[in-house]
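The structure under discussion is supplied below as structure tokens; questions concerning it will follow.
Chain lettering (A, B, C and D) follows the sequence in which the chains are written, and residue indices restart at 1 in each chain.
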Amino acid sequence: MASKLIAIVAGVGAGTGASVARKFAKKYPVVLLARNPENFEGLANEINKSGGHAIGISADVSDSASVKSALEKVKQEFGQDVGAAAAIFNAAGGFLRKPFLELPEDVFNTSLNVSARGGLNFAQATLPLLLKGVELKSEHPPSLIFTGATASVKANALMASFATGKWALRALSQSLAREFGPQGVHVSHAIIDGVIDIPRTKGWLTELGPEAKLSADGIANDYWWLHTQPVTNFTWEIDLRPAIEKW
Amino acid sequence: MASKLIAIVAGVGAGTGASVARKFAKKYPVVLLARNPENFEGLANEINKSGGHAIGISADVSDSASVKSALEKVKQEFGQDVGAAAAIFNAAGGFLRKPFLELPEDVFNTSLNVSARGGLNFAQATLPLLLKGVELKSEHPPSLIFTGATASVKANALMASFATGKWALRALSQSLAREFGPQGVHVSHAIIDGVIDIPRTKGWLTELGPEAKLSADGIANDYWWLHTQPVTNFTWEIDLRPAIEKW
Amino acid sequence: MASKLIAIVAGVGAGTGASVARKFAKKYPVVLLARNPENFEGLANEINKSGGHAIGISADVSDSASVKSALEKVKQEFGQDVGAAAAIFNAAGGFLRKPFLELPEDVFNTSLNVSARGGLNFAQATLPLLLKGVELKSEHPPSLIFTGATASVKANALMASFATGKWALRALSQSLAREFGPQGVHVSHAIIDGVIDIPRTKGWLTELGPEAKLSADGIANDYWWLHTQPVTNFTWEIDLRPAIEKW
Amino acid sequence: MASKLIAIVAGVGAGTGASVARKFAKKYPVVLLARNPENFEGLANEINKSGGHAIGISADVSDSASVKSALEKVKQEFGQDVGAAAAIFNAAGGFLRKPFLELPEDVFNTSLNVSARGGLNFAQATLPLLLKGVELKSEHPPSLIFTGATASVKANALMASFATGKWALRALSQSLAREFGPQGVHVSHAIIDGVIDIPRTKGWLTELGPEAKLSADGIANDYWWLHTQPVTNFTWEIDLRPAIEKW
């Protein structure tokens, strides 16, 4: 059996993660990681029924053992020599807009555990597969993409918990871009600067019209664009926002 | 006759400007601006012969009267009501790596005149056409793209002349992105962080292999990608560099 | 007894922390925090013998209970209504220059625990005393100062573990500066961009001469300068490096 | 006669420049540069009467010949071998908050001419004297300080004219810091992020109370602090804002 190239998406829910998974499933078998199987079951079914190939694995990115165990299941499914063409980290946690002295320690911890430790765990687990993808001469350079936010570059008042995790994740992505670019892996960071149009935000910003929120499918297209950049033209960072956003 | 949508490229030579013009010529009639007709004549012929439509106009971007006069010629050619789908500023000048106290004033002036004033003149002349493009409901949001460099974000020793113009141009692009995004025009800035593989750099970095230089066609693809982003997902800035580049 | 204003320094060793403590001890009673009493005992004696007032408390900044307990001891010593004129966070951990895939998870965890969580724990414990300092009309606006590094703004290859914690700490300092500035507390972040001249680095960079390393006493002077800025002129961030440093 | 060390301040008016001049006049003879003699005559008299030594020279920083001529007068006054301990560039121009397409070209040109070219002209004229100051072993490392603004790091909508000049000036200061730091000259950039309390702004922000504006004397103190940093601890950039400022 020929070696396979897969895509792995962490942080799959009803929003960006699902759009990204659908997009990459058009070319690669996709692995969907989420803590709660409810978050990937419907999506895996949808992709499998429409001609793609998806498997969901329950995993907690903040727990390195859980992530390693998930990767073991990936190898059982796709073979020990499986390579990855793409690994996309879309998990986040620890958002609570609150005066700092009222901020519960566990909100801060969740932000660091999911964004910073989660990013580390995911990168340490998937980079060997991405390097394998380089070896397997994947059509597009294997991509490791991290989802950031406004709070990745600006730490506003009352946003200390979320920003600390997001700044740490951006640092991780920059260090990895510098280390693994020369090895052929394309590491990117996307600053999502605005509200994404997903079921949870349905009622938000409606007064500003239909173009006030980022399209999740649009983000998926942008990640795909990053993925298809040749080895001579790697982008580390993009920012993305609705045209009408104030920034 | 239906209103036309065109693309305008300033700073056309044998490198990035030509690649960008060829790429955008697949969809739009293109206007090629350069001081010296030698820089656009061959390219205009090539595009016109291969089924596209290109005209070259001699213009000095650092001179507002020259840019205005070029835009008059554009309107004579394409009609007073012509709109622009894209305007790409690719001119630069004033590069001289030299101790500051030995830096001739005119090198510094050229950098400011071409990068900063040139960017201003080009933007003031093309934005009315880009806004017209919005009105004409161009398929993709009209795009104003500025080409930057490593020196746009880092002012190294001995690089004062080039960096001042490039930082000024980046400031211009950021202010325009904030002002014209809400009006439907997509303003972007691309940090080209490395040597571009063009005739002039043929012998450079050859010891590092064939992937040590940026592909000019790759840059053109990236500009096209920026152009096709929907109004919900605008990117202001991308960085671009070869995978092996140290940064 | 009149209410007291004290200074609290976390991360006291033979280097910057000691210099800072000596400097602030000229005006305020100082509390020295370190995990290991060996790190503060000599210094506390030295300050007490030379006319100042210092107490050392063993505390692990990465453990919120330990920091809270230390602050209880502070109140036992100085009174329940004690205010702080300055709180300086100088702890760091998790530095290991190593390929990412060989990076032990605990090094990464130490960086996040000491730099990010440590900063959080220290800030949550000391800000009530700093706000009390505002109420007590301290001569200089109460100051909360965080020590950063080159890795606070640049995440180089092989530096992922250290940079993630340091970027998170910088984010914390920026968010706190925005939240607590309007309440009268001056929050600052210092980017120490170079090797500090301390016993541990005695043999480093000697080939570059006596001015190749940062002076720890100089850093203390700079922190004092930050502390004495009036409420109309707050600096959030300074960078500090030897004149001959490449950057 | 022993060689002299002087301070040179460009952009002297009723505000920051005057405060800076008064501060540095306590230690050095000061040269006051302004286009209009009205801007320095009163101040020169005041300094000379209060025991200092000041001369005013009419100069247009945007004109290199005018700046060179002013430096000739400096040498006639203080000797051909005069050195500078400090040179402070405080000029700015081209501020006009206006839609970009209504922005007169000359406002943009004034910004580039005063901020960018002015910075260049001033630096090229004063650096030889600052290097002479190094040779003369000035007590504090000779300092070249540039005054920046919020618009030096953020180019908001409608602020294109001012931001382009200010970003260019910041680039200049960074390049010079890297080139001249190793030669012993301390180059700094101060981001003044707020309204300065000067006669012209008397009626501004009064609803926010007496601490809503930056103190010009405070800025002068901060510049003096930068000036007194030792060669082991140079700061390139500081930001300065009132505690209550939103940022």
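Everything that follows uses one rule, which is that a contact is a pair of C-beta atoms (placed from the backbone, for glycine too) under 8 Å apart; a residue touches a chain by one contact, two chains touch by 3 or more.
Chain by chain, the UniProt names read as follows: A, B, C, D = NAD(P)-binding protein.
Small disclaimer: the values here were computed from a predicted structure and weren't measured.
Chains touching both chain A and chain C: none.
Counting C-beta pairs in contact, the pair that comes out ahead of the other among A-B and B-D is B-D. Ranking all chains by how far their C-alpha centres lie from the centre of chain A, first place goes to D. Of all residue numbers seen at the chain C-chain D contact, over half occur in both copies; the interface is built from largely matching residues.
Chain centres here are Cα averages; for chain A and chain D they lie 46 Å apart. For the pair chain A and chain B, the distance between mean C-alpha positions equals 32 Å.
Between chain B and chain D, the centres computed from C-alpha atoms are 34 Å apart. Shared interface positions of chain D, defined as residues touching 2 or more other chains, are 178. Taken together, the touching pairs link the chains into one ring where each has two partners. Applying the touch definition to all chain combinations yields A-B, A-C, B-D, C-D. Note for the complex: chain D touches chain B at residues 64, 99-101, 103, 105, 108-109, 112, 116-117, 120-121, 123-124, 127-128, 151, 154-160, 163-176, 178-180. Against chain A, in their complex, chain B makes its touches with residues 141, 178, 181-182, 184, 186, 197, 211, 213-215, 218-219, 221-222, 225, 229-247.
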